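In what follows, chain A forms one complex with chain B and a second complex with chain C.
On to the complex of A and B.
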């Protein structure tokens, strides 16, 4: 809670209380039983309607009086309906329902203790000062060296409500710091025992690592036994901690929050598109914080999103390079590099030209790449991760159709070949929330994994899927009894040979359990990468299945995870990207491009919501934005693309996929049950599902360059 | 040496030769010159007088200190070899503590380590040896004299300074280096 907010609250409340209108004052008072002010009148009035309770009589013959019949509301106590007037307390409702709640302070003939709320009297001020004094008694006064300084709730409240002097002369309590791993730094002496972190860990993150130890002045937060916090959401305890007890280890002593410039953008390390704020100082990204978006990431982000940013400063490509005859790279000018590529691209046959977009590509650069290669006569453009024959025909075939927030409505989940905990941590948090609240059943098919909620491991191979589709599996009844069954399919299946057969089995299951209805679409695909959805929207689908084998000119636009083993050795490879990662080692020419923190780009997340990144820091060296490089190359190659500005590229995008321009709006797939696909003639293979993401912390060029992510994978993935 | 001569000439010009000689006698310089003349005449004498004393013969300040030391108590010697003297009684109060520097060729006040500084400057009556016990073990840095004017390699350069051998790289990103192998 910011200081401004507190101040405005204080102002507002004082305005209400000083207002001459007495009705406002009544609104602020919680006096629920007007007849208590006048007990004789209440007794004199005859009972209008005795409560209709078959089993229980009101405690001690308690009666209800409705001064205004319209005020009656019905509540349920232990399942029994009770009619009570508005403003009754829960205690009173229970009394009417015949349940005796143990209590001491409340008495029906007495006023509710102290319930005349005043917020700006001298006593209230003094009481707050007293509470602040107690809080600060064991809190170190080390704000000048504390990383929370300047954005600390305790600091703000102490400024707003605390006394201006202290009377404390004794020794302060000190607590031994805990080692929570490479991400969260602890200064436990600063802890005020609010237990927000404990509740976050057990409720949202789903790990029972943190807890409260000891009592009284010996009370402290700890990990019971010496142990690291092994959660993919552990970084959120930094935001949650109101004081400086839990702070960011990589950010420790790096900057002060008032020196930072915040840029509201989105995350591209997975397909969720978490809303983030990039805090930068000068040309450096200093830290990444979550932004509130109830539909996507609520107010959490994964550790990968929060801490990969040091990868942006390492292994950067900053000059165009050409590999010479001796096999070494030489930095050259843009003019020379573009001329070489333009010359080579005219020497190969159009069908031998292949383009692959990387997992971090924005929609602008993908449409530019596709347009350029189409003009050169090739139609072999795709985005890595989508496989060679993606089902791009219907948007519902590759989107999370129920939406991330829509998953909360589901009451049964079937996870097929996906481990949402590592593939999309925020989606996993949403499933966990649903499971916690509604006790939804979760069935999982795939390699053994550690999901942080109760689930049934149904099997490891697609054969289990076949059993379910043929109603031969016990989990079928769970699915068909569910009101809103949700089937989540991992995008790792896109790369499988028997992809079509698996999808037709899943569609059968969806049909059997009525997962696809006009009001509920429970057949979901969980994508892996930020670029995938936009690529399929823009139609980046390869023309031939084995174009890599016959390629003579390969354009890698940030694609590092595409298998180049089958690429002919005489093929000419252009790598355009921001990091010297796997892709550059086979490249002949390198074009340096800007990373997502340095450019404006459109990304579509797995539920079909288009969002834009904004440049937070300037780009490095001689790098350029991706679509500009392709635009320049097209001119040198004599096939000039017709757009010169980013709005020009976007109007081209509007012609292909207009939903990409409706930013921050979820464009759900059109529901079309009448369009049935041709029956797949593929046989389901018995090959078990694999892990789509081997290492949660290192999935793309930026995270692989990050030192913090390397530390995390070394320390936290240890089995 | 040149400065000694220059100072002497200046003193003669200002106060006249008579008072200058009187002053010299008071300060014991005549003794020096006598000794020097003796050594020049009889080089065998040199082995009788130790090197240090010989060196101080050329430097008036050191010689004065040496003479001062006669009758004073040696309070302590620090780790650099500087000797700390005190003489109570017939010395002017406030000038009763002094140091004889270990280095006779090049000496200055920054050679006094912090533990002795307080004693020498009448801040405390605890000697350096006593104060050394209070020195923090973990982060107490070693004392270094001020080496200004001794050359670039001796003086402190900030971490971004081009003369700092471990100069920090201030570029905000590290470029990818192409593999050196072909």
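On to the complex of A and C.
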């Protein structure tokens, strides 16, 4: 049943009922029900309570009749609540609310009521054909060489609704291409002026770089002045462009979309776990596209996620290698490499064995590494980024407790030592969405940064935090007036000496502004790396704080950013990973492993949602999956791990952290922080917060090997 | 090309299993007798010994030891004689003989070491490749 039919029923019945006694028109049907009001809407406009408004009469005595009380819905017109039946148009609602909307075609006594909608008559088809003809008038006929060909909305629609011939014989117009940077290729002649990209840039990405210039046939999309599009979400305009005007520059002329195999997997370059589809051809990853997940990334992904894939083809480790006496690596067989490592590991004391899991490690390999080192007698194993004394006791202490989509309920944000725009671009997009819709207030403590929404820069050091916790700061009132205050703490703080003091100050703030309640947990930690949450769930916590200094055997499982300066020079270093990155420089033995595009692995994102990657392409050279390498090494070293299959590893994971097996489900923390936690004796230092991510485009081994990411860093980062 | 043994007529069908059995033994003896010639014409001295070839032929025959139908045995015998003729007439090349009778089905590279024997299946598969 269409809207028109419903409206007509409402109108007709009201006429029948009310025509005998026209005196009753004074009776207002507008009922104000404050208890029904939406809390968010009320928060956004606290001054618009009904009694303050001037009395308004419905336009021309319009009134409504409810045949069924359940059909009544409440809408707000200029902040004024009006009850209308379902199916009313906005125009009719305004009329009931007493607002006269200027119009010419609509008339309440003329036919819109009883309108008969037909979608497949020859006239409708003819009309669509006409619209298509206008759209195609200036659209070039270059589908055979267009990268959008085969997945083009205009192509599909012209096949479905268009005419089989054109009548346009004049010259087509042409538009100068714009340079939007190293990621987005423009062929502006193909543009049909839908302005989706302009709206995306200003609404979602928060940059005012794109706009519409000119009028009539001279109308074109462009940057107003010669300028690159400097947004971390700029790649999404490729997806939303319905034609081939904006396409991917790295993907240009590389493949046609119908020859690609799509694999639905997740992204591991940050802790968000964006849902992606990897399109591959044979052994090669050709492109990465977002997948819809309303709870995590909606339908966007960051430029790093979309374009780092060329790093998967560079600097790969494909053979086991041993460093010879001359300092050069020599490729050897797996048998020899495992035998050498197994021999060395028995020559050192158990407490001198140290293992570090990398940023991109999956949960399977991390539990295998921990089990193996425990069997060798050592418990010095951790995941880089978590610091040397992480708080792994309560999950609420390291998760984004409100959830990424839950951030939309917040009405005040306090960002502590975190720059979400570079640390987790999709979380930042969510904060921006909230700020844009509800005008939530944002306070930021940290080094000067460029957030793409209104915010107050409160300070740079933890001293500001102390002021807020002691109610000596003007932002305190914003926080305590907020219904759902949200405090977001950056994981960069994990590496600080005064971490516990900072966290206890933050907990005091959370207590003061009632951020932790049964219905709302606003104390959030924003993690940096894909492996962090799962590592803490699995208990990868080092036993001794300075184990690197005393290590004689160091096992780096893809760990490239751990500081090795204090490592003794006689220590034996094994690097297991897929890229010849920083960790390899110090390694004595290299075990080649699979990248996340080549294996099945479990990752937990920053809000506690476990997700799995799926292999999209075969593994490179003689590389093996991470957990298999550790399982094989454990057998050669004589401490055989009791699992031979990935399901065996997972049942071991179930014993330690069962939430990691509940894939695609967000497992929130059960206990809130500040629950029976010992008081911190630390003093807050005045050392300012640092940047956790120096270069958004290059954060891990894969992105550092990518040429496109290097171009982006050179051209788009503000120096 | 005239094959000398081709002039030998195809024998009539074996009347009984006994007769077929005798024929198989006759065939085996004639094959054994041709072994020195075969080694000579295919230059197999340094890769195989006569006794190895003999056991190779014997194992080929024993592969069909379960067959009891005289007609089927005659057919297999005919195929065997034909193969022997081809070999003896140098209708094959050296690698045919080496592939079929010297290396056999075991493959060229055989890891006869004892180092993997104590390993689990997992480790053996791990050394083979990533996908198992």
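Rule of thumb we're sticking to: the second predicted complex is superposed on the first by the 628 of 719 C-alpha atoms of A that agree within 3 Å, B and C clash if a C-alpha of one lies under 4 Å from a C-alpha of the other, contacts with A are read in each partner's own complex, and residues count from 1 in each chain.
Quick note on the criterion: a contact is a pair of C-beta atoms (placed from the backbone, for glycine too) under 8 Å apart; a residue touches a chain by one contact, two chains touch by 3 or more.
Everything quoted here is computed from the prediction, not taken from an experiment.
Clash or fit: chain B and chain C on chain A?
Fit.
For A:317, is the partner it touches chain B (first), chain C (second), both, or none of the two (neither)?
The first partner, chain B, only.
A:644 in the overlay: touching chain B, chain C, both, or neither? Say first, second, both or neither.
Only chain C is touched by A:644; chain B is not.
Considering only the touch criterion stated at the top, classify A:499 as touching first (chain B), second (chain C), both, or neither.
In the superposition, A:499 touches no partner, neither chain B nor chain C.
Would you sort A:287 into first (chain B), second (chain C), both or neither based on which partner it touches?
In the superposition, A:287 touches no partner, neither chain B nor chain C.
Regarding the shared-chain residue A:628, is it in contact with chain B (first), chain C (second), both, or neither?
The second partner, chain C, only.
What is the contact status of A:334 with respect to chain B (first) and chain C (second): first, second, both, or neither?
The second partner, chain C, only.
If you count the residues of chain A that each partner touches, which comes out higher, chain B or chain C?
For chain A, the partner with the higher number of touched residues is B.
Touching A:432 in the superposition: chain B (first), chain C (second), both, neither?
Neither chain B nor chain C is touched by A:432.
By how many Å are the closest C-alpha atoms of chain B and chain C apart after the superposition?
In this superposition, no C-alpha atom of chain B lies closer than 18 Å to one of chain C.
So chain A touches chain B in one structure and chain C in the other; where do those two contact lists coincide?
After superposing on chain A, no chain A residue contacts both chain B and chain C.
Which bits of chain C are touching chain A when the two form their complex?
115, 119-123, 126-127, 130
Which stretch or stretches of chain B touch chain A in the complex?
172-180, 182
Which residues, counting only chain A, touch chain C once they are in their complex?
333-335, 594, 619, 623-625, 628, 631-632, 635-636, 640, 644
Would you tell me which residues of chain A are touching chain B in their complex?
282-284, 312-319, 321, 326-329, 579-580, 584-585, 620-621
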